[in-house]
Amino acid sequence: MVDELVEVTENRLWAGLYYLLELRAPAIAAEAQPGQFVHIRVPGCADALLRRPFSIYRVQGETVSVLYKVVGKGTAALARVRAGERLEVLGPLGHGFSLPRAGEEEPLLVAGGYGVAALYLLAERSPCRGILFEGGRTRGDVLCEEEFRALGWEVRVTTEDGSHGWRGLVTEPLREELARRARGRKLYACGPTGMLRAVARLAEEFGVAAEVSLDEPMCCGVGVCLTCVVPVRTAEGWEYQRACTEGPVFDARRVLWEVPA
Amino acid sequence: MVDELVEVTENRLWAGLYYLLELRAPAIAAEAQPGQFVHIRVPGCADALLRRPFSIYRVQGETVSVLYKVVGKGTAALARVRAGERLEVLGPLGHGFSLPRAGEEEPLLVAGGYGVAALYLLAERSPCRGILFEGGRTRGDVLCEEEFRALGWEVRVTTEDGSHGWRGLVTEPLREELARRARGRKLYACGPTGMLRAVARLAEEFGVAAEVSLDEPMCCGVGVCLTCVVPVRTAEGWEYQRACTEGPVFDARRVLWEVPA
Amino acid sequence: MNLAVQIGGLRLQNPVTVASGTFGYGVEYARLLDLNRLGAVTVKGICLRPVRGNPKPRTAEVTSGLLNAIGLQGPGVDGFIRHYWPFLRQLRVPTIINIWGTTIEEYAEVARRFDELEGVGALELNVSCPNIKEGGAQFGTDCRLLGRVVAACRRATRLPLITKLSPNVTSIVPYARVAEQEGSDALSIMNSYPALAIDIETRRPRLGNGIGGLTGPCIKPIAVKLVYDAACAVRIPIIGMGGIQSAADAVEFLLAGATAVAVGTANFYAPRTALEVIEGLQAYMKRHGIGDVRELIGRVEMPGTGRPAEAGAPEGAGGSD
Amino acid sequence: MNLAVQIGGLRLQNPVTVASGTFGYGVEYARLLDLNRLGAVTVKGICLRPVRGNPKPRTAEVTSGLLNAIGLQGPGVDGFIRHYWPFLRQLRVPTIINIWGTTIEEYAEVARRFDELEGVGALELNVSCPNIKEGGAQFGTDCRLLGRVVAACRRATRLPLITKLSPNVTSIVPYARVAEQEGSDALSIMNSYPALAIDIETRRPRLGNGIGGLTGPCIKPIAVKLVYDAACAVRIPIIGMGGIQSAADAVEFLLAGATAVAVGTANFYAPRTALEVIEGLQAYMKRHGIGDVRELIGRVEMPGTGRPAEAGAPEGAGGSD
């Protein structure tokens, strides 16, 4: 983990509402693992102090890429940063995905929102190809199809309005596939919490292992502030674990989706 | 007085350490009087809330110009604003210089620091030409010589280190000129407070009228906060007047340079 | 859509006024805004005699805020009536006159003088001042003194009386209650927070007076809590202020329990803020299908307790780490 | 050039530590900073038993600050000693253990347990907590209770005892004095300020707990004044904190009367801040020809009074408008 002042080599609207941010960040690139994130200090909003977390999308040589959407103050300011400017970036952070075991676990990736960006590195470094199930509200939300196909993965798209791929929720074609064959498969999911819960339920129903990357608001990103805690099952009952440190990736069987009374 | 969102048409390092800021500000341009100022809200330093005051330098059609030096947070952020961006500008503000009466008052302008910028409009609109005495520490501090000469004014420059013009303080050639002839002359001064006090003393010594533009830290710029008060002689004794409203230009004879005990 | 609210006997066409000391005497900003669009105009604090004010520097910009020690410069009652009242009198919105004194008798005398003045909307008592008679103890941080000042002013005038509370107290509840009991028609919360900024090159305070009052967006969360605490404790309406820059900020105060809001420091750098708050309030209400702004007052849903009106005294414990 | 200072019996190689709750238990930031360069490491608050903490959201970003209601999540004394102490013990700089309790007896028990632990640098008492036995009154806002907590901890340990004061009091002077009288070796000023932020779309507070504590640059001027007030009233050293982001900020606290400073919220967005403060302090001292950092302590020149050491109790009157 390092805190680097890195050069922005690219920052542009890339697909749909998503921007591509490319950073020359050699130390972070060298250590980055699938499912990890970076914590970026955004200039130009001096009264909004906290860093913002973004999943590591691609690593190419010294370059780390991020895909992000403008949702609020920080991302709006990030979109105004120009190539050539520098950003303070902390990373790589968090406990990421474990690579599928070749021959034993065929990976089924499930993505919504920015989740597909978080899964790319896993797909790229996986010893075996599998299927990416990607869902969104409409066509413009669906990212990186070609990037995953270029890796040799099968991509099945769902949109809620039917404007692209199957019409419905992403868990529907996933259910069909698991019903066809669950044995030897493993799920990896990243997206909105509702989607993750549905994936966890499917994993339990079909008895498959699943890793979910949780989307928790963060503050420090390194495990000291205790903002990002999620309840996790333990031998003795349950405890809070930190989405920025023990996570964001967790074994779906251990995630408690509500805090026990 | 208006509060306009105006377009920046130029913002570049111009001479020495001074930047030229040109604004397309038709409503302000139409009302601007010599010695008035604008109050600029600088983007890019969200935790520094207050506007910064700058003298109106030139008015050409719809364009209002300002010359400024980077001294702190606000001016540093101002220097990063690009042409095409917009700024919130309040103005024109303040009580400015009175034009010399043709044939009765030969104007002698005395400038230091950014003061020469504040005096340009006076020189341009004056019914008669006079002499500009401009002082600075070194050559790089001396601005706008050619601009004033192009208006037909005589310019006498002083630098403390002698790198340009006479060596010494600006009040020295002024004293010589007043000693040569004081009658029918009027002084107009803008610059550091020490210089203004010296000019006021000379005015008293030689019995000439003088108007001084005071450099007081400001907050609201429009007369409500009572930050910028200066003690001013009145019939009943003295009172505080506001440098942003009753000033920044005052009759030098009435300015009290210390608050009476 | 109704935006009108009542502050004691005073009806405001909308819940937005300006904070004393940040809007002069109205005439200064009249060139930039149509004052008749405001709920009310609140003027700079007036005491019996003219006051020159503190040595400079009187203000200092701090992170997301302002530190001030103006020293309550003012023309005195006579000077105010002669120079500023004619303009305010012809406005179609009420004027709230902020008043202060150095002794209880002075407060009451100022209140009495304005009681005699035709057309005043309300008086707002600034109690964040030292009591010269009692060794400089502040009226606003001594419950007993506060009660006596409010009672004295209450006897001196029939005008709506708004008591403006100091924030630097262990709990605002006893102060709010005393002010209510002694006859305040409303409260204003909050005045500036005592603070200090030091110039490390000169080793002197950045203000000529040393200590100053902190205002602006930096203090908003403190002000919102104080409004909430007071709203749980009294029935009289509250004018909330402290760092309001937008309609969203204003809605926070209303939800916390304020009946009206005041825009202060923001006037200095964004003079149209008060009008933008009014417009933004209307947009917010439209978006949420709210027909009457009074539906917002005190409607924050706190954990475990629901509405402030039902909450009673909030727990004494801070919930923070 | 000397940067070393004494906090009670504890020698710090430089006057910079980190604020409890913003630096975990040291190990987390060890990958980013050389902890052995700090004056001391101050850890997250520990109480007798493990604590899970508050419902989320636990933090909210506000203008130039942070609102938090973490709920003092922690491993308890045993868990701390087992999991975190081995790492801290091998540091070459002292550890200040921040402790808290729900009753006076609990505070004393925690103090006693750490008194028995070999190698602890000092204990810092977080009194901004509710006293469960006394109906939830906060230790830090009740002078009598504060005195009893400090006295109980004083009896329980010989370690340097730092009492961390709550800022939301009418005057910090009586609290500083009580803490000193009952045996504190030093004070920490300030803990977070109670505050509230409301989400206007949901009408709920932005924190799961409702009320939270405000920290960060927005509160610095309040903290600097409280340090000054306390420094005028007591002789024991003060660790100043509240929004420090730079060496310049740290110097303000020293000039106001602090002997040491702590970097808090800034760690979250600029993890190297504490080290930059140390380096910047050295640069400032070099520029001003100061050979010993202790020359800065309390050296602010307030109007009319000179140094805080000579000032006595600062005037009760706020100087603000």
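Letters A, B, C and D name the chains as they come in the text, with residue numbers starting at 1 for each one.
One rule holds for everything that comes next: contacts are C-beta pairs under 8 Å (C-beta built on N, C-alpha and C of every residue); 3 or more make two chains touch, one makes a residue touch a chain.
All values derive from a computational prediction rather than experimental measurement.
*Asks:* Moving step by step between touching chains, how few steps can get you from chain C to chain D?
*Replies:* Tracing touching chains, the least step count from chain C to chain D comes to 1.
*Asks:* Work out the mean Cα position per chain and let me know which chain is farthest from chain D.
*Replies:* Most remote chain from chain D, centroid-wise, comes out as B.
*Asks:* Go ahead and note the Å separation of the Cα centroids belonging to chain A and chain C.
*Replies:* Chain A and chain C have C-alpha centres separated by 48 Å.
*Asks:* Report, in whole Å, the distance between the mean C-alpha point of chain A and the mean C-alpha point of chain B.
*Replies:* Each chain reduced to its C-alpha mean, chain A and chain B end up 57 Å apart.
*Asks:* Please compute the C-alpha centroid of chain A, do the same for chain D, then give the distance between them in whole Å.
*Replies:* Result: the chain centres lie 37 Å from each other.
*Asks:* If a residue has to touch 2 or more other chains to count, which residues of chain C qualify?
*Replies:* 21, 55, 63-65, 68, 70, 217
*Asks:* Which residue numbers or ranges of chain A touch two or more of the other chains?
*Replies:* Correct list: 46-48.
*Asks:* In the complex, go through chain B and note every residue touching chain A.
*Replies:* Interface residues on chain B, with respect to chain A: 44-48.
*Asks:* Of all residues in chain C, which touch chain B in the complex?
*Replies:* For this pair, the touching residues of chain C are 21-24, 28-29, 31-32, 44, 52-53, 55-59, 61, 63-66, 68, 70, 73, 216-217, 265, 267-272.
*Asks:* Can you name the residues of chain A that touch chain D in the complex?
*Replies:* Residues of chain A touching chain D: 1-3, 41, 46-51, 88, 90, 216-217, 219-227, 229, 239-240, 245, 259.
*Asks:* Under the definition above, what is the set of chain D residues touching chain C in their complex?
*Replies:* Residues 21, 45, 54-55, 62-65, 67-72, 128-130, 135-138, 141, 166, 168-171, 191-198, 200, 203-205, 207-214, 217-222, 224-225, 228, 243, 248, 251-252, 255-256, 284, 299-303, 314-321 of chain D touch chain C in their complex.
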